[in-house]
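Chains: A, B, C and D, in written order; residue numbering restarts at 1 for each.
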Amino acid sequence: MSGNSIGRIYRVTTFGESHGRGVGVVIDGVTPGIPISREDIQKQLDRRKPGQSELTTQRKESDTVEILSGIFEGRTTGTPMALLLYNTDQDSSAYDHIRRAYRPGHADFTYQSKYGIRDYRGSGRASGRETAGRVAAGAVAMKILAMSDIEIKAYTLRAGGIECRIRDMEVIEQNPMRACDPEAAQKMAGRIEEMKTAGDSVGGIVECRIQGVPAGLGEPVFDKMEAELGRAMLSIGAVRGIEFGAGFSIADMTGSESNDPLRPDGFSSNNSGGIIGGISTGQEILFRIAVKPTASISKEQHSIDADGRPIQIRTEGRHDPCICPRIVPVVEAMSAMVVLDLIKRQAALHS
Amino acid sequence: MSGNSIGRIYRVTTFGESHGRGVGVVIDGVTPGIPISREDIQKQLDRRKPGQSELTTQRKESDTVEILSGIFEGRTTGTPMALLLYNTDQDSSAYDHIRRAYRPGHADFTYQSKYGIRDYRGSGRASGRETAGRVAAGAVAMKILAMSDIEIKAYTLRAGGIECRIRDMEVIEQNPMRACDPEAAQKMAGRIEEMKTAGDSVGGIVECRIQGVPAGLGEPVFDKMEAELGRAMLSIGAVRGIEFGAGFSIADMTGSESNDPLRPDGFSSNNSGGIIGGISTGQEILFRIAVKPTASISKEQHSIDADGRPIQIRTEGRHDPCICPRIVPVVEAMSAMVVLDLIKRQAALHS
Amino acid sequence: MSGNSIGRIYRVTTFGESHGRGVGVVIDGVTPGIPISREDIQKQLDRRKPGQSELTTQRKESDTVEILSGIFEGRTTGTPMALLLYNTDQDSSAYDHIRRAYRPGHADFTYQSKYGIRDYRGSGRASGRETAGRVAAGAVAMKILAMSDIEIKAYTLRAGGIECRIRDMEVIEQNPMRACDPEAAQKMAGRIEEMKTAGDSVGGIVECRIQGVPAGLGEPVFDKMEAELGRAMLSIGAVRGIEFGAGFSIADMTGSESNDPLRPDGFSSNNSGGIIGGISTGQEILFRIAVKPTASISKEQHSIDADGRPIQIRTEGRHDPCICPRIVPVVEAMSAMVVLDLIKRQAALHS
Amino acid sequence: MSGNSIGRIYRVTTFGESHGRGVGVVIDGVTPGIPISREDIQKQLDRRKPGQSELTTQRKESDTVEILSGIFEGRTTGTPMALLLYNTDQDSSAYDHIRRAYRPGHADFTYQSKYGIRDYRGSGRASGRETAGRVAAGAVAMKILAMSDIEIKAYTLRAGGIECRIRDMEVIEQNPMRACDPEAAQKMAGRIEEMKTAGDSVGGIVECRIQGVPAGLGEPVFDKMEAELGRAMLSIGAVRGIEFGAGFSIADMTGSESNDPLRPDGFSSNNSGGIIGGISTGQEILFRIAVKPTASISKEQHSIDADGRPIQIRTEGRHDPCICPRIVPVVEAMSAMVVLDLIKRQAALHS
């Protein structure tokens, strides 16, 4: 109700602020009897954690996960899994200057407006660190989905104005941009280094493909599969848009162009992104999200303080010049949760 | 759970198929004591109904709403409002040919895959007629929102490849496209007539602005305002994408360009679309949706029948060559529900 | 959220006031492909409707149900079923005297306190007529449960101070009390006639048995089966208590008496009422509810008017001197919804 | 959905098994800006913890709570509060004998039936230790309620067949039974010592009063206040029944006896237990619950093992001979959550 949970049956609740005791997640609705190890979860968290390359923030964060409950002798019990990551080594003094000041592009002003109080240190609850809980919950979902041969793959399609020309799924984890085109990845890296030096940041586009989803998932009319995925993606801090299949370009098509013909051996195109009428078609699910440039930049910007007086502000410290590579595992995690939840809902409907 | 409800407190549940007895909606969580007349609701339904102009379908549908409950002596009682629109004069025989055939771009195949049974007549539950219930529920929400001076305005920004050059809010209801530029509206109409004659259809982009939303609405982290609006919009049949503020163009910006500076008299730009960190900033809420071309076209298309055999299929009957003008009131209705729900959630949090 | 829905997957939402246009229900999460006729539903409604015998109110209410949606060619489609009963022939003038007066034992004062407005005619939303929607939704649930050989039987165990000495399931529908002991039923009827003449009413106890429930249903820790059944029963207007198995008498037992021993051929007692740790044991589910005397009596009572001034008030009109026989089908309906919902949740958990 | 959460707006999710890493709770919907200290919570946990007297189990459990999130500079931030109690010093070997055996009265058999796997150590998730999370969440709710002068008081009314003859609220925390009659408390203690020596246990009745609840809380029709309280109480492990106000004795009353007359200065009786039509009347809320004898007894009992073979079983170790005194703070905690949630829902309805 207050927005810290997602999913109806596979229900994920995150908690924690970036400079409090820790961040974590409680997962309810976990299928019982599934073998899951701490390493299965840690592996995904390591893909999200800061400091992976020159292109991401150099902050040291302890992303070591502790399983508090829900596992017995290496298998899920069907009771809630609580996963905790303690916060360590935070230097909160770096945030003293925003105690009573609002950074442009950050949630400082809006959190203050909403709650009348905010933990300003490291952006508090609005910190990207909150997504660690999501990635952990997604890792558990992936283990369950793997049993149905469902595979999820996200990657940077565009960053700093540079777009991938090929979509090579094999190279994604081999470049720090998590891009699907190694050549483009290198250009992106160059552009980002440049912006970093200038004290600025860049945005990009992340694409995601989900394979192996059977036809029939999604709950019309309000919980259409694109509505559920859309909501999940738009709940990630930096995401400003989402489009499925042909996306916004469909606006300029005609019906005879956009309709995907059916043939005895399947659909012959996928403008729909694998979803028609809110229900999966059995094709690949395909969507793209718009990622805004990191709000934390060291260039001076105009803003106001808590009394409404004009100030100049610059964000000190180590921040991601481009968040795309670290959003990739978050997008995969959110996708896994949504698909698993819809599988469970479909089973419930037919029971 | 099965997808026919939306909203947490202002909770809307639609029901009905296009060729069954009727369509309707039950609204729970209605603020008590609000004066609402049948006409308040009918007025919005008339904006959605077919046959408004040459550019929309010429089907005759009874969009006459009956208030079954929740109103006493002209005011809401706080108990559920049930609103019903009987279906009349349907000729279901026109749909005999799809009893065992799947139309491209339609939900025929996916509904069959999901449920194992479907009311194929007039697309059944997947019919656009289901949105009548949404518009009715939105009309009630708008009456409640009007008390807080919140105003919602959607319009066709682009259709058939033609984009509005100006955004004149006054002209929207004066042209059949509900476009914000009368000149563009005329060109759109021409283009659509052309496509209609060719047995084809076109897509477009609808933009929506919400004014008067106070800072502080939206529920981090999963029910961010953009997540709630995104989910609501993506639950409308023809919508394939949504973007907020600068939208996908933000992908190519730098942080210093995209961050909206704060000044003592407010923000000096609105790349965020009025939402930061999932919470309203107090600025105008701004988003755009991608609308696909109507799937029903009279051109022949490849498809399959229920036995998987190849067929040629063309949709007979009267269909909208461009759905944008009729989606406008649906977008406004969904927006009203979301904003009202978030207002109620904010009140609950602070109690 | 505002209390007009129950169930997570088999989700039932009732609407309507007793003197408005009608009452009804929307059911979401209906298993698709189940054959259901209007008569299946009407049959249960007829067991609830007034005027069945001298022992129930002589009011004439149209309990004729209309299926608005969710059925196609005699089978459920998995889309929401909306069921409507129009109100007819109401004489609202009989309620003029309570427009600004509060009847003792009725929800007049509390509805006014909660909503600041109320439809006072025939108790409005608080009318027993609201349960028609429940009975209809229960009838649908029963059809689905019948496929799993689950059977639900409720009956009057005690009324007007007279308790059944035997529990003969065969006689229940053969006496107007729906009691499980024909001799006791006759005595109850005598006592009730007496009270009716005196302008008074009586309470009683209704017992319910659910057979065929497999071991393993119920969702610890908060949605234990007794919690779900308890909530469902306590949501019925006149119910003031519920107990499972040995019930309140367990308070005076010792552990060695109350624990149900397990044997290779099953449990050898059922003090638990078929539920341990919130999960069904595979035994019969057994519970009893306390039903208060009908609040509407023609004896004069002390009360106050809307201005807080003392008044004398007596309820005119035709009312049930004992509501037990008509609560029986409501108890069965609520039980059916709860059990079906838990079956669906169990399927979802294991998917 | 899987039963580990309760409440709509003040939403509480517990996690943890008694012999895993720890138990805890996440609370969403916490009113922001409320001063809460760790001690406020610890104080309530200390009332629940084992080893408080000779009459409760002598097990040592670390009930030291750690606040992981949601508090900043001593005040709630409106973000989720996660509270954790690590498990310490557990000797799981004491449970080896039930690895493949089912104890009568315990949830061993039913958990195995439901999940196909169970953490048998210390009853796992079904352990009373799970209620620590509830008590913690209730302590937070109480701090918020205290601002509205709402006070909750539960106490042992009956145990081992001995009933309190007076209701003295002052003596409750001064006797180990938490009974409202010091004389009865002593007799209860004697009886319990006796049963403990005999390797047996006793049940009882706990009563609860909630004062200061304004008229108008509760959400008809399904979330009536008694339905919400009933569900909350029946979700506590040992509870087998609940009754409000006059409770089951109302079954033998007449309407003229049971209806509570209204007078200008308030109601002149409280048979309704402070709730009519599911909505609070402004009177004291009053209910009683039936508590079964502790299932863990050292007497030999018949049961079966995992292969269905007959066995004799006795529960070793230190267990509560009567759980009533330790259920008292749990009942208060659950009551606090329910009332706070209904206050928030009422605010939402009227916004």
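Assorted remarks:
By definition in this document, a residue touches a chain if its C-beta (ideal position, glycine included) is under 8 Å from a C-beta of that chain, and two chains touch if they have at least 3 such contacts.
The structure presented is a predicted model; accordingly, all values stated were derived computationally and were not measured.
Chains that touch both chain A and chain B: C, D.
Both chain C and chain D are touched by A, B.
Centroid distances from chain D, each centroid being the mean of CA atoms, peak for B. When the C-beta pairs in contact are tallied for B-C and for B-D, the bigger tally goes to B-C. One inter-chain figure worth recording: chain A and chain C are separated by 46 Å, centre to centre, where each centre is the mean of the chain's CA atoms. The centroid of the Cα atoms in chain B and the matching centroid in chain C are 39 Å apart. Separating the CA-averaged centres of chain B and chain D is a span of 46 Å.
Contact of a single residue of chain A with at least two other chains is seen at positions 1-5, 8-9, 14, 29, 32, 78-79, 114, 125, 220, 345-346, 348-349.
In the complex of the two chains, the chain A residues touching chain D come out as 1-5, 8-9, 11, 13-17, 20-24, 26, 28-30, 32-33, 66-72, 75-82, 84, 114-119, 124-125.
Interface residues of chain D, counted against chain B in their complex, comprise 8-9, 29, 31-32, 78-79, 220, 343-351. For chain A in complex with chain B, the residues that touch the partner chain are 1-6, 8, 14, 102, 104-107, 109-111, 113-114, 125-126, 130, 158-161, 195, 200-205, 214-224, 226-228, 230-235, 237, 239-248, 250-264, 268, 271-273, 275-282, 290-297, 299, 301-304, 308-310, 345-346, 348-349.
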